[in-house]
Amino acid sequence: MISEDFRKKLHTIIYEADTRAGRLFDIILLCVIFLSIVAVMLESVASIKIVYGHQLAVIEWVITILFTLEYIGRVIAVREPLRYVFSFYGIVDLLATLPKYIGLMFPGTGFLIAIRAIRLLRVFRILKLHNFVGASNQLVEALKKSRTKIAVFLFSVVVLCVIMGTLMYMIEGPASGFTSIPVSVYWTIVTLTTVGFGDITPLTPLGQFLSTIIMIMGYGIIAIPTGLVTAQFMNEKAHLNTQACPNCGTHQHRDDAKFCYNCGASLK
Amino acid sequence: MISEDFRKKLHTIIYEADTRAGRLFDIILLCVIFLSIVAVMLESVASIKIVYGHQLAVIEWVITILFTLEYIGRVIAVREPLRYVFSFYGIVDLLATLPKYIGLMFPGTGFLIAIRAIRLLRVFRILKLHNFVGASNQLVEALKKSRTKIAVFLFSVVVLCVIMGTLMYMIEGPASGFTSIPVSVYWTIVTLTTVGFGDITPLTPLGQFLSTIIMIMGYGIIAIPTGLVTAQFMNEKAHLNTQACPNCGTHQHRDDAKFCYNCGASLK
Amino acid sequence: MISEDFRKKLHTIIYEADTRAGRLFDIILLCVIFLSIVAVMLESVASIKIVYGHQLAVIEWVITILFTLEYIGRVIAVREPLRYVFSFYGIVDLLATLPKYIGLMFPGTGFLIAIRAIRLLRVFRILKLHNFVGASNQLVEALKKSRTKIAVFLFSVVVLCVIMGTLMYMIEGPASGFTSIPVSVYWTIVTLTTVGFGDITPLTPLGQFLSTIIMIMGYGIIAIPTGLVTAQFMNEKAHLNTQACPNCGTHQHRDDAKFCYNCGASLK
Amino acid sequence: MISEDFRKKLHTIIYEADTRAGRLFDIILLCVIFLSIVAVMLESVASIKIVYGHQLAVIEWVITILFTLEYIGRVIAVREPLRYVFSFYGIVDLLATLPKYIGLMFPGTGFLIAIRAIRLLRVFRILKLHNFVGASNQLVEALKKSRTKIAVFLFSVVVLCVIMGTLMYMIEGPASGFTSIPVSVYWTIVTLTTVGFGDITPLTPLGQFLSTIIMIMGYGIIAIPTGLVTAQFMNEKAHLNTQACPNCGTHQHRDDAKFCYNCGASLK
């Protein structure tokens, strides 16, 4: 049905960003995605929906058709369509086309906004564009490598918040708005992360004293994730490589090392 | 009474996380601890307590019995039970079993929630699990080493807050909610740590001007703990010393290097 | 008309900060700019305008005349006046003189304050002063070099905020003040950046739970820009390259080193 | 009058922290200072003053007498009393004794609290104690060295806040609480530093949009002071010294450098 030649051409346009046509396709796609998101956002504003509701519905139809065509194109352009269909972006792409169709069958389902918002995930394709690949890879790498430490840190922070939240609940009680332990833990997280909404605030001297301790802790321990990530970024730059010594297997040699620092065997 | 063999087996299961049984025990224990914490939290929510109060009481009983059995097991499994009993975790483990028993004798004592919340401390045993040991040790090490500097920093921050708080009290006074110096110092800490509840805010131009100075200071000096901890992490990581190779004179070998990375000569 | 000699003298005074006259000119100019800004600010305070409105108008006239003279001087002092006139600072300098003149022709135009505020941009000339050149160049350099990474980071943060904002809108809805998706995204940015005004706060348990996740994310991911910029600053500072001395083989010489720090042999 | 021997002994006790008597004196002094501060704070709490006003007055008298004796001791113990009297700490120490005496002559002067609060500055003597000297010196050194850069950064932040504040004033206006440009600038600083009181919040969509930009900027640019200070701390550790080459005058040699990297002359 579809000539191999046509498929190759389509593949280059849709999936690659190195040719002119491919880059153009990506940029147009991004614009359409942004437009679709803006339409969802505007539709949620009551005053705008009343006046421009019709126009927004038309835009939604146009976008749905464009996304449908693009989805069909993506399925055609690859040799193993099923692998694409069940990949993360395959599902995201499909969900991006569905809301309007489902809306036709079951009118008035509110959670369709949620599905339409999923379209935003498509935006991350932008990172495929040439100048962002390196930067985003480095960011992701650095985060991946400090993963365990960040997990231990976050875990300790959450445990700390639960303990402090329980204490605050016992000190302040429902009279000050600390109506239950979960609410109290919510307040503790609001305070420790230095967000500080002010919807609930301690009123007793003891509660205020404990609050200041929570705040100073929150102010201080932010140094930990920052230090972790910074150290990781620096390490990337520090020129310690992951080559293993052919003789004893040790890692983390200097980039300019000629001999293993552990057994003295030549690394070259 | 208890055979040495049984005790050893019990010890492996309860105290170690390297065997399959030991890891399973740890994971089940963690689930029970989390369940007990969730039960405490839910019980504090008035609307839930009314409806599910009975079920929560049953869960509490089950957990108490499980913790009691575990405590007995821990005492039996070690050779010197007293050392365990009076260790930090020994006391935490005992306190975890008590609230229900005390509640039987003295009904209605509110501070029992506090004791039940202590159970959460048991959660830190999770850091014993294999993949977290390294990460949490490194975090603790780095913090320990910058201890004195962090103490000096925190001390200066607190003194600064007291001075600024006193100034704000004199400028704003009770009319703006700065009812006393302690309240005023509380407000200064809320502001300097960039939490900013907004329950008390300066109303006079001079007070607002001083506030902006406090805020900019708070915004700026957070760099200090961050810089301290980062420098510490980097140092930990680098493991590069200043020893010179006796043969070729290169510097910056790894701390654990036995051979020069440049010429392969022995460093010892 | 204007002798080349006079123009050169004028150029030295107005554009350079190395001679005594040039530095004096810069400092007087800065004082006038600050005065003009203070005048704009005070004029906006209703109570001050009523009492000192006349004096402020006189100051405004004096400043306008000074700025006009300075602008004429700047145009005269350069050989290619048009290049200055259409440069960034040329336009800023022109705009600094206009408000009063426009105000004469079209009285009561409110947006003139905006133009008068543009004068503040002139203040950045202060960075021309000797002791700040190095520091500000380094800051700008470090920011420029981490530009792409910071762009990727900010882009991801904004996408995250839109997704989270949409979720919060569906969970909380107009009843809690999340009247539309744009407002909800605004709230998410307020929360993620740990500002936390508290004008809108989640009221449902699920909304509060999602909020805590947003907060902890905001608390944690600030480590990323910090790490990026720090790593960049470090790199700037280090100026250590990996070149080896041809004589003794030592590494990590400074970028500008001409001789080996270890044996004194020439590196070139 | 006073034997040289007695003065030396007194000097050792009062000014030095290396002997046992000296350390004891310092610790007692610190306790008295803290007590005096606590007394000032408690006196400002209306409910406490009514009940314990008499006791607090007695404590104030005792502290005043102790501080007076200490001041006389300090004057006696040094060879050049005038140099001490007019030094920073000399004035602070004198001011610490005065409030009660002035209060006797001119009763009811409110600003005396301010003078009493100055006593807190005396607390910084604690940094004289052995284990803090190194840490506080390092902190101060690192801050001193990044002084110019931090000045440029803070200057840019303040200019930015004035520009943004003026814009917000024009967008939001008095209706939303942005009653004047100074108030608007105050709000901008509150927002940029991520404090976010919430006493004033933008109400128009455009104002909310500009706010999010201010917030994201504030969230991002905190990386700059952090990066600066961290890089400085690292530098301290990086073993670049400030020794000048005796031949060509270049700085920043490696600690282990034997030859100038610029001209090859011996550094020893």
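To keep things simple, chains are lettered A, B, C and D as they appear, and every chain counts its residues starting from 1.
By definition in this document, a contact is a pair of C-beta atoms (placed from the backbone, for glycine too) under 8 Å apart; a residue touches a chain by one contact, two chains touch by 3 or more.
Just so we're on the same page, UniProt names per chain: A, B, C, D = Ion transporter.
Please read all numbers here as calculations on a predicted model, not as lab measurements.
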Counterpart interface for B-D, drawn from A-C, A-D or B-C and sharing over half of its contact pairs: A-C
Same-site or different-site touching of chain A (Ion transporter) by its copy chain B (Ion transporter), using the half cut: different
Comparison of C-D and B-C by number of C-beta pairs in contact, larger one: C-D
Chain C (Ion transporter) and chain D (Ion transporter): spacing of chain centres that average the CA atoms, whole Å: 28
Chain B (Ion transporter)-chain C (Ion transporter) separation of Cα centroids, rounded to whole Å: 40
Sites on chain B (Ion transporter) at which at least two other chains make contact: 182, 185, 194-198, 218, 222, 226, 228, 230, 234, 251-252, 262-263
Chain D (Ion transporter) to chain A (Ion transporter) touching residues, read off their complex: 194-198, 226, 230
Residue ranges of chain A (Ion transporter) touching chain B (Ion transporter) (in the complex, touch as defined): 148-149, 151-153, 155-156, 159, 162-163, 166-167, 169-170, 179-182, 184-185, 191, 194-198, 201, 205, 208-209, 211-212, 215-216, 218-220, 222-224, 226-228, 230-231, 234-235, 238, 252-254, 256-266
Residue ranges of chain C (Ion transporter) touching chain D (Ion transporter) (in the complex, touch as defined): 37, 40-42, 44-46, 110-111, 113-114, 117, 120-121, 123-124, 126-127, 131-132, 134-136, 138-139, 142-143, 150, 154, 157-158, 182-183, 185-186, 189-190, 192-199, 218, 222, 225-226, 228-230, 232-234, 236-238, 252-254, 256-266
